[in-house]
Structure formats: C-alpha cells, structure tokens
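Paired with chain B in one complex and with chain C in the other, chain A is shared by the two complexes that follow.
On to the complex of A and B.
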C-alpha cells in the first residue's frame, strides 16, 4: 500500500497515521466484498483516497436477504420509534461532522465551507424525515366516506425492500436525501453508493450502526453501479427501485428488468439545469409516497339500512 | 361434467354430521321446490345499431383500414353488432385529437370541467336501465348486478370526481397541480362501463384528455358512453373511444404523444406495458390480477361468511380481479362451513342474465371459458376434489357451473394461478399466523377477506396481509371514495378517492 499522499503527515512527521479499511455495511455488519475485490477511489484530481470494496452480485443478493429479514420488525416498529431512531442518526452525525466534512471535501473536491454546507444540510435532512415518520399516515391516509354502512380506512404501508441507486454526484447530501425517505416510512434499503465517491456512504454505515438503526434496515454497497444494480432490478424479492443514480441508458435497462415482478420504480429526477439536481432544496413527500402502498380496510358498521340496525 | 358432480352431491347431503335432516331433505327437493317463473328484463329499452364506428374527435368514424369485428352476446352467441376495429393509424388520429383538445380542456376553469362531469353523471343515471341491459347483453353478467352494482357505481364515480375538478388545489398535491396531458387507457371486459368510469372520470376531472380502448368482447357500453359525451356537450376530442384488440392497446401504450398510461387487465400484459413505457416520462398505473384469500376464523358467523364467500367468488361469475378465489377456513369449522356453503351454492340460479332472478350469468367469451375449463381440469388432475351443485347449463352460450375444490394445497395450480371464473379453492389453516402466511403466499396482493367476531383479530390480521383492499366481515364492496389497487404483482397506483387523482396529476 502506498503512502497516503495527503497532508496529515506533515504536521506530525514522526507519527504514521492509521488508515481506515472501508467496508460494506450489510445486515448490521461490516463485511468485505465476498469477491475479495476492491477498487481505487480517488479525489477529482486523481489522488488516491482509499480502496473500496468492489461488490459482486452475490453481495447484492446477501444485502437483499438482510433487508428482507429486517423488514418485519422495522415496518412493525411504531412511527414514533422510527422517528427517534432517525433523529438519533442526526445526533450521531453531528458528533462526527468533521470526519464527514473531510470525506465530502475529498470526495467531491469541495472547499471546507462548501463541504460543511453539504454535511449540515444532510444532518438537517435526517431531522426533517425524523419528524415525518408519524405524520405521513395522516397526510396520505384517512377515512373514506363510502355510501353505505361501512367503516372504511386507507392507510399507507411501506412497500418492502427498496433498491436505491444513490446519486453519483452528491456523495453525501444526495445519498442521505434518498435513504432517509425510504426508511422513514418503514421500508428497508439496499443502497448502491456513488460509484466514484463511495467513501462518505461507507462511513455513513458506521453512523447507522451506532444510531439504533436495526441491522439490515440500511445496507450499503460500493462498486460498479451497473454491475450491482442489475441483479437488484431483476431480484424477485425486491419490491421497488429508486433510480436516482442511474443515467438514462442504465435507468431504462433497469426499469425493464424491474417490470418482471412489477417493482415500483422511481425514475431519475428530470434535471433542467446544468448543475444537476439541487439536493439543498426542501424535499416534497414524493420520495416517501413512491415507496408506500395504500391499504384500504372495510368493515360493516351496522348502523344504517332500511331493515333497521343490525349491531 | 355437471352430471358427474350431481352424482357426488347426495353423499354430501347425507353426511351424518349435517346439522339438521330437515335442511338436507329440503335441499334434495330444492331444484323443484324453488322454480321461479321467468322474469326477464325487457331488452326493448336498448336500441343496438347494426354497426358502430370509432369515436374520434367527437365523430363516429370507420377504421382507417376499414376493419370491423363482431360483438357477441355470451349468453346466446347472438351477434349484437359490428364494430369498427381500431388500428395504429386510428390510434394516431385519436391521440392527435386528444392532444389538440388538451390545451382548451385543461385551461377550462375546474368548475366548468366539473359541470361537464356532473352532466355525464346525471345522463348515466337517466339512461341507467338502458345501459344495464346493454351491459348484460354484451358482457353476459346478470342484470341484477349491472342494475344494482355496475351502473350505480358508474354514475357515482362520475359524480364523485366531478366534485374534485375545481378542488384540486386542496387535494394534497400542492397548489395548482397540473394535468399530465393525453391519457391512454386500456380496460378489460369484466366491468366494461365501470372500468371506463374509473379511468375517464378522474382523468377528465384533473384536466387530461383521453384515448380509451374497451375490450374486444365488450365494446358497446363504451360506444354508448361516447353518445353520452355528445349529449353532455363535451368538447370534441376530450374523450376518444377506440374499440379494438390488443394491437390497438399496444399502439396506444407505445404512442410517443401519450403522457399517461392506465391499464386494467392481466398481470402478463401489465408487465409488458411496464417494459414498453420504461425509459419514457409516461406515468403508469396498473390494476392487474389477484388471487384473493378469504379467511374464515372459527368464531365467524357462518351464515354471513357463506354469503361473503359466495359474493367473493361468484359475483360476476368470478371474473373479478379482486375475487376471493382462495377460501382459507380454520380447520375446526371446515366441515360445517363447507356443508353450509354447498347448501347455499345449490340455491344459486344460473341462466338468462336478463332474468332478474339470475345469480350466475354467462362466461364472457369462449376463450375465457376454455381457460377456466382447463384450469379446473388441472385442479382435478392434481388431486383436488371437485364439486358443483346440480346445475343445468343452457345449450347456447358460454357457461360454467359454480365450482369448488376441496383438499387443495398451496402447491396446486388452482391455488396459485388466477382462474378468473366461478371456481373456489378451499384450503385450511389452524392458527392466525398460518392463515396470514398462506394468504400472503402469492405474487399477487390485491384483495383479502377476514371473517371473525373478534375485533383485535381483524385489525391484527388486516395489518399483516399484503393486499390493497381488505374486506372484513364483508366482501366485494366498492365505492368511488375508497382507493382500490394492489400490492406486489397486482399492480401499482390507486383508483378511487383522493388517491385516484394522483395518477392523473403531474406530481
């Protein structure tokens, strides 16, 4: 392994710094890729930052198993509980802010203030979605005034296991902006980190692991987006796919594969400016509703009818 | 087939565990004791022309290539009319007309669009009996259903969405939600006019224009609806009706100037449509197949449950995507419930759909009849036990006796595949957990039923079932205010209620 080409050693010439081995985050654990492969991650100038796991199809399938296993308990947790867990993620991130500012600055070639703005916004986004967990049901569900003696209630329910292609450009704010809405409502996620800048995503796994997020609720894979996404899009036990990080060609391929078990597909956001998606903008609820089902339950009330009451 | 089933019946009625001898002997006499005089609804109320055109840009026209097809009454095989068959050129023209009409229609104040829809709702109510008879003739379902279920729901649906047209700002999709543009809609033959209403009412309320293809076996009510649009003074091109086959549907779905695709039909076609629109900006909603579980717990009121089971699978000859086609009975009441169910099935009247006393009408087409027949034979071949009540089938038309299978396992084809016919597969369970696991053991997720007196069990089981519509202590209830649609491979998106607007708005 070559010496890290960055500055830290200048300040402390006599102490060799400790590098981090970046690992996947699957089922609450930190495995290497089962393939044993890694790829070099560089900053935008081409300086080596780290070796990241190059996930295989098998890693993708293992992540789906972990996500499915976690779905029952996470979707069955109270919305209040999920809100507190998401808020805890914000708390943990706040404490490790400097690390993330550093990683985002390296990953995206940003100045420290610009990277700080990204991380701040990402932390605030967790807070925003933490508050949504116990409100979305009232906003998108409710009683229906049917023309008959029936109690009739529609409630949103999580779709299930969601494959998430994190945005390629925004390695952290974009990442958080697509993960948080998926899990806020009780889904579990298999996330493919930005291919070029996966390190903030892999570090986020460490934060999630210490934030009371149950293992398997979020699984983070790094590697070639197209290689990992293909088996996820075709996977029969994945219920939905968020194509945020796919280009047009890949998005179309994956949407076709996803049709095989009628996954819910969230297409890449149409971009109408050269800078790409503005992840700083306050989100709407669409990233949550895209992965919600509506369940409608009927029951007779017995309170009407020409023949009189029947209750 | 029916003779063989008749042979089996006495052994069931003579079952020593049967509750009372009186009922059993009453049932043996049933076929003669309850003879009703024929009570047919007059078909004079509906005037079917010998031929119909496509309805494009406010005019009835021939197909560009001059093709026509015949539509047949499934109960008699009588040819009802000859209908123009849309091809891709016609799809082009219809989409063009809808596009041209879109700017003005979407720019109308919502209150004006609302009034058009209210007009349509009222005209449907006025012509309700005519349309019910027409639908029964073209589809084969009993007049009791078209008159009491289909048509009232059709009118109610337009009335409901009419009210939304000028209230979209308050629908929870942000201020001033925009319509999508031209909606391409393809509907099935099982509820021809009701499915049209589910598609067209929310589309127009939201400000879209539509190109709709009715199913090839049931084009007539959609063409009568075109006439209603004219009576209502609906601007030209806002609604275009293209009778035709799957190729016309595929052309609508693939048309580059269609902004929204809505389809109700089979899961296989739904998947093909999802592939077709991949990579486009077309918004898609799909309402597809189902294999609904109807779960009866041991504390359920048996008589009510039996009614619900019958409604669940024999309504519209079981040709219903949300049919309760898998009966899951708690083991301890299996025999008792089956006895009651068989007794009830023996009182169902199969025959002339126009007769007001008819419970079971005709199967919609020879193709569907062949499919049902093949799947039922498969059930027998795989070892399930087949039973049908004594039931004489008319000599003309397409008919299938109400049928139930016992000794069915989850591995049986008839427990997995959607049959879309009057065929019930009976399975058993011991614990609520087992019931939930079996109910969810399907790629579908459209509907389910729960029968129990215990409130907490209803809510707990309803919470665990992966299905879009759960009927507890009732079944097959529909309402325009109530969102309808599936989980998993039963499709996505919801029709009905505030939720139903989302499919037609740019949100």
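On to the complex of A and C.
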C-alpha cells in the first residue's frame, strides 16, 4: 500500500472496510440467490448502499418448501408459545435498534429521529401482535347458538403458507406490520422485501434467526417483486397471498393467478392521502383474520330431553 | 459340497474354490475413491431442462420400484400402493406406470391382485430382510414363499457378516441357492447394503461376487441404514456391470435404493447411467429406483412442466 495515512500524528493503521454481504433468509439459513445474481441497492439520492440478492423463481420455490415444512410445528405450537416467541423478536430488535435505525434512515432517506420513530413503532408492533396470539381465537371464534341438541363451536385456524409482498415504501415498519399478523396466528410466510429498500428486511432475517422463531416460519426474499411474486401467486402449495406491496396492475395479475387454487387474497390497502399508507396507525385485527380459516365443530350434547334418547 | 452352479461364462474358473474366488476378488483393481466421487459429482452438475427433463422424469417414473417395507403395512396400504403404481397420477393418463411395487413376502398376494392386468411387477424382499441374519434354510423358505405367492422379482440381502469376515464362498453359495429357489420365473436382485460394507473396494468386490453368482440385478441398500444409495456407490456398481458385460456378455441391472427423494437426484442418477453404461441400461428392465417418496416429487415436477405452475403435496397422494 503506497498511500500511507497523511495525518502522521494519528499513526493508527488504517483498517480495511468490512462490508456486510446481505443474503436471503430461507428455512432458517442465509443462502445467496440460487441464480447467483445480485442487484445494487441505493438510497433515495442514488448513493450505493449494498448489493442485495436478486432472487429467482427457484428461490421462491425453495422458500415455499421451507415454509410448508415449518407449518406443522408452528401452527401446532400453543398460541401462548407463539406469543412468547413474537415478544422475543421485539426483545432482540431492541438490542439491535441502532443498526435498524441506521438502515432505515439510509433506505428511506429519513433523519435519525424519524427513522428511530419508525423502528420504535415496529418493535411495539411485534409486542402488540405477540399479545394477540392467544386472544384472537376468543374474538373471532366461540360457541354458536344453534337450534338443535348440539354444541356448536367455531375456532379460527391458520390457512397455511402465505406469500407476502411487503410494502414498497415503508421498508421496516410496513414490513413488520405485514409479517407479524401472518405468523402470529400460526401461518408461515414467504416474504418479498421492498424492491428498492430490501436491506432492513434482510437484516430482520438475522434477528428472527436468533429469536426462537423456528427456521422456515419466515422466509425473506429480495429482488424484483413482479418476478418473484408471479410464481408464488400461481404456486399450488401457497394458500394465501398478501398484495400489500403490489401496484394496481401487478395486483390484478396476481389475483387472477391466485384464483387458480382459490388462494386467499388480501388486496393492497386503499391509499387516501399523498403520503401513502399510514403504518403508524393501530392496525386492527383485519390482517390476522384475512389469513384464518374458521373451523366449526358440531358435537351432540348428550341427553335429548323430550325425545328421551340418550344419544 | 457347495453348489457352484452358474458359471457358463469366461469366468468359470474363478468360482471353482474358495481360494480362487478370494484371489479373484482381491485381485480386482482398487477403487480410486477421490476420483470416483469427483466423477460422480461432476456428472451431477449436468443441467437437464425442458424436453430432456420431461423425458427424464417419465423415464424415472417408469423405473420406480414403489416400496413399502414397514412393520405397519396393512393390506389396505399395499392395495393403495398398487393402485398408485399402476396409475401414478390419476388426473393425467399420459403418466407412465411405475416398474414395480416392492413389499414383504406376506403382502405379495395382495400386491399381485392390486396390480393385476397391468405391466407393473411385484417385487418382494426376502431372505430375512433387512438384516439377513437367519439360517440358509429359513432364507430359502422365505424366498419360496414369495415366489409361490407370485413375486416377479425377489430382492435378497447378502450375508454382510460373512462377507466382511472374508467368507466369500458362503455368500456366493447363498446367492446361488436363492437364485435356484427363484426358478426361471422370478428375477433376482441382490442387495449389498453398501452402507455396511465400509469401503469402495468392498462394494466393487461384492458387485462382482453377486454377478458371478447369477444376480439379475445388483442393488445398493435396504433403505434401513444411515447411508443408502449415493451417486458414488451407484457409479461404482454401474462400472462393475459394464465391465462384467464386457467380459462375459451377460447384462446385469442396477438398482440404487434408499435416500433418493427428489427429481433432481433421480435425474442425476440417470445421467450416471447414460454416461457410464449407456442407453442399453436406460430402461426399467435394467435400471430401477428403490423409493417411496421419490414418486410424489416426480409427479409434482411433471405437473409443473405440464402447467407451468409449481405443484404441491396437496395434489399427490399421502402414502
């Protein structure tokens, strides 16, 4: 190295930069894209931030396999346990807040206080959904009054593997707001990160990997949303799709493809102001109920009273 | 005295006595393990796409020995398996049948009935499968039972204990005796349980031993141990059948079994076959896959090629 440090008073050796290689998060592991492709991620001003994997449809397929494999254990875990795991995610995020504030500020061109507000809200959102895991069944399920000698009980059950198109603008708060409700109820998710700012999503994978979320429950892909979403929407082993990050044209295309195996489809939230969707607002339970199936059980009550049968 | 029956070929002298057999098997060239694994791995990198892939998938389906070898096998399960073997994908009649169903001897009759009227064969494991630890008389009775019940093919296990102890003649005589019990109607597959043979040299010796004794097929494993069929040990056996035909003119089939679960793996094995022994073996008379879950993956890949959409386990049977 010929260019020695010019400031001879501080003669510390210059360190080489250690850049982070952003990778996908699939099945609890951090693979590169099967295609070997990457694309440049820049901040809103066009400054290079990092290279992110440019996922192919085969990455999407692998992610679905991982999500399907994880579904049995995750949906079978007790709601209480899922709540603990989701709370653990919030704990781990709290510890790595600095990193996320930095990444969100870079990705969305926000000041530090604004980025901090986004990350705080995202952490609180995990806690909020963590509380819901064992309460949602009481709100949307329960005993039904029927005109017959039966107990009639409805209980909500997770629908299965959900493909999630994360919001394009809100790279972290929006992302958390669509992932948490999907997995809170026991679904597993294949998430396509924001195309322009995928870095917070890829880093979230690292948090999930270290916070008791079983591998495969959340799988994060980065790349061209339209390219990855098309095979997911047509995939026969995906049970639902959340179109939060799709524009009108893409959303329509995907909805048609999704109809083939009667996927549940959650359309993009209508936008009523210029700033786009307000992800700070308290979400309500719609994002959870969108991916629940209601199972109803009829059970004879035993004595039939007047008829005298003991059946 | 031992039986020493089949040996009408160029290698007749080899099986004349214990010492000639030992000298022959130990005189086989040693296996270059690094070279073998590198060759198998490099052939596994071939990219098989579009029409070639469609051909490979159909060929692989037609080579599957659809297998159920559980203590919990019921007649109902075997019937379901038979129905699936005959028509693997009921929604697509162009799907070929599998080669055979493979069951325990007591289920042969049920399986035979289930595949009646089709080309699907019934294979039965025998000879105290999977351990093979029984007296020869018991093993032979096991084989005769299976053959009497109508098994078209018999999958026997060799006595690994005797093989590893160096008692090659005992292993040889057993195979000859089982072959005789199979008669002319049933083809004999000889299972070496390569995962228990420890070395590639042993696998090469076992392959030659099996072929000298009259095996119609040589088969890697039972599927009941940790290491089953691998590309490397299958490549080694393919080289053995190639060399055996070159020396004797007798063609022997190969059946990797256990651990092959994805279409991608199956296609890699087909590449091995084509590149090692050529098209003569690319037929279910000469090459088989011993598998159960592989078929579902092949069917899902086939549906993907037909429709352009990825399929899922909801669209194939649970077995």
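Criterion: the second predicted complex is superposed on the first by the 295 of 311 C-alpha atoms of A that agree within 3 Å, B and C clash if a C-alpha of one lies under 4 Å from a C-alpha of the other, contacts with A are read in each partner's own complex, and residues count from 1 in each chain.
Rule of thumb we're sticking to: a residue touches a chain if its C-beta (ideal position, glycine included) is under 8 Å from a C-beta of that chain, and two chains touch if they have at least 3 such contacts.
Predicted, not measured: the structure shown is a model, and the values here were computed from it.
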item: Chain A as common anchor, with chain B and chain C clashing or fitting; value: fit
item: Which superposed partner A:237 touches (first chain B, second chain C, both, neither); value: second
item: First (chain B), second (chain C), both or neither touched by A:138; value: neither
item: First, second, both or neither for A:260, with chain B first and chain C second; value: both
item: Dominant contact partner of chain A by residue count, chain C or chain B; value: B
item: Contacts of A:68 with chain B and chain C, given as first, second, both or neither; value: second
item: Partner chain(s) touched by A:150 [first = chain B, second = chain C, both, neither]; value: first
item: Contacts of A:286 with chain B and chain C, given as first, second, both or neither; value: first
item: Touched partner set for A:248, first chain B, second chain C, both or neither; value: first
item: Touching partner for A:17 - first (chain B), second (chain C), both, neither; value: neither
item: Overlay on shared chain A, then closest C-alpha pair between chain B and chain C (Å); value: 5
item: Set intersection of chain A contacts, chain C complex versus chain B complex; value: 260
item: Of all residues in chain B, those that touch chain A in their complex; value: 156, 172, 174, 267, 270-272, 274-275, 278-279, 281, 286, 288, 443, 458, 462, 467-474, 477, 479, 481-485, 487-489, 491-492, 494, 497, 499, 507
item: List of chain A residues in touch with chain B within their complex; value: 139-140, 144-148, 150, 152, 154, 159, 239, 248, 251-252, 255-256, 258-262, 264-265, 267, 270, 284, 286, 293-300
item: Interface residues, chain C side, partner chain A - complex; value: 303, 308-315
item: Contact footprint of chain C on chain A as seen in their complex; value: 61, 64, 68, 231, 234-238, 260
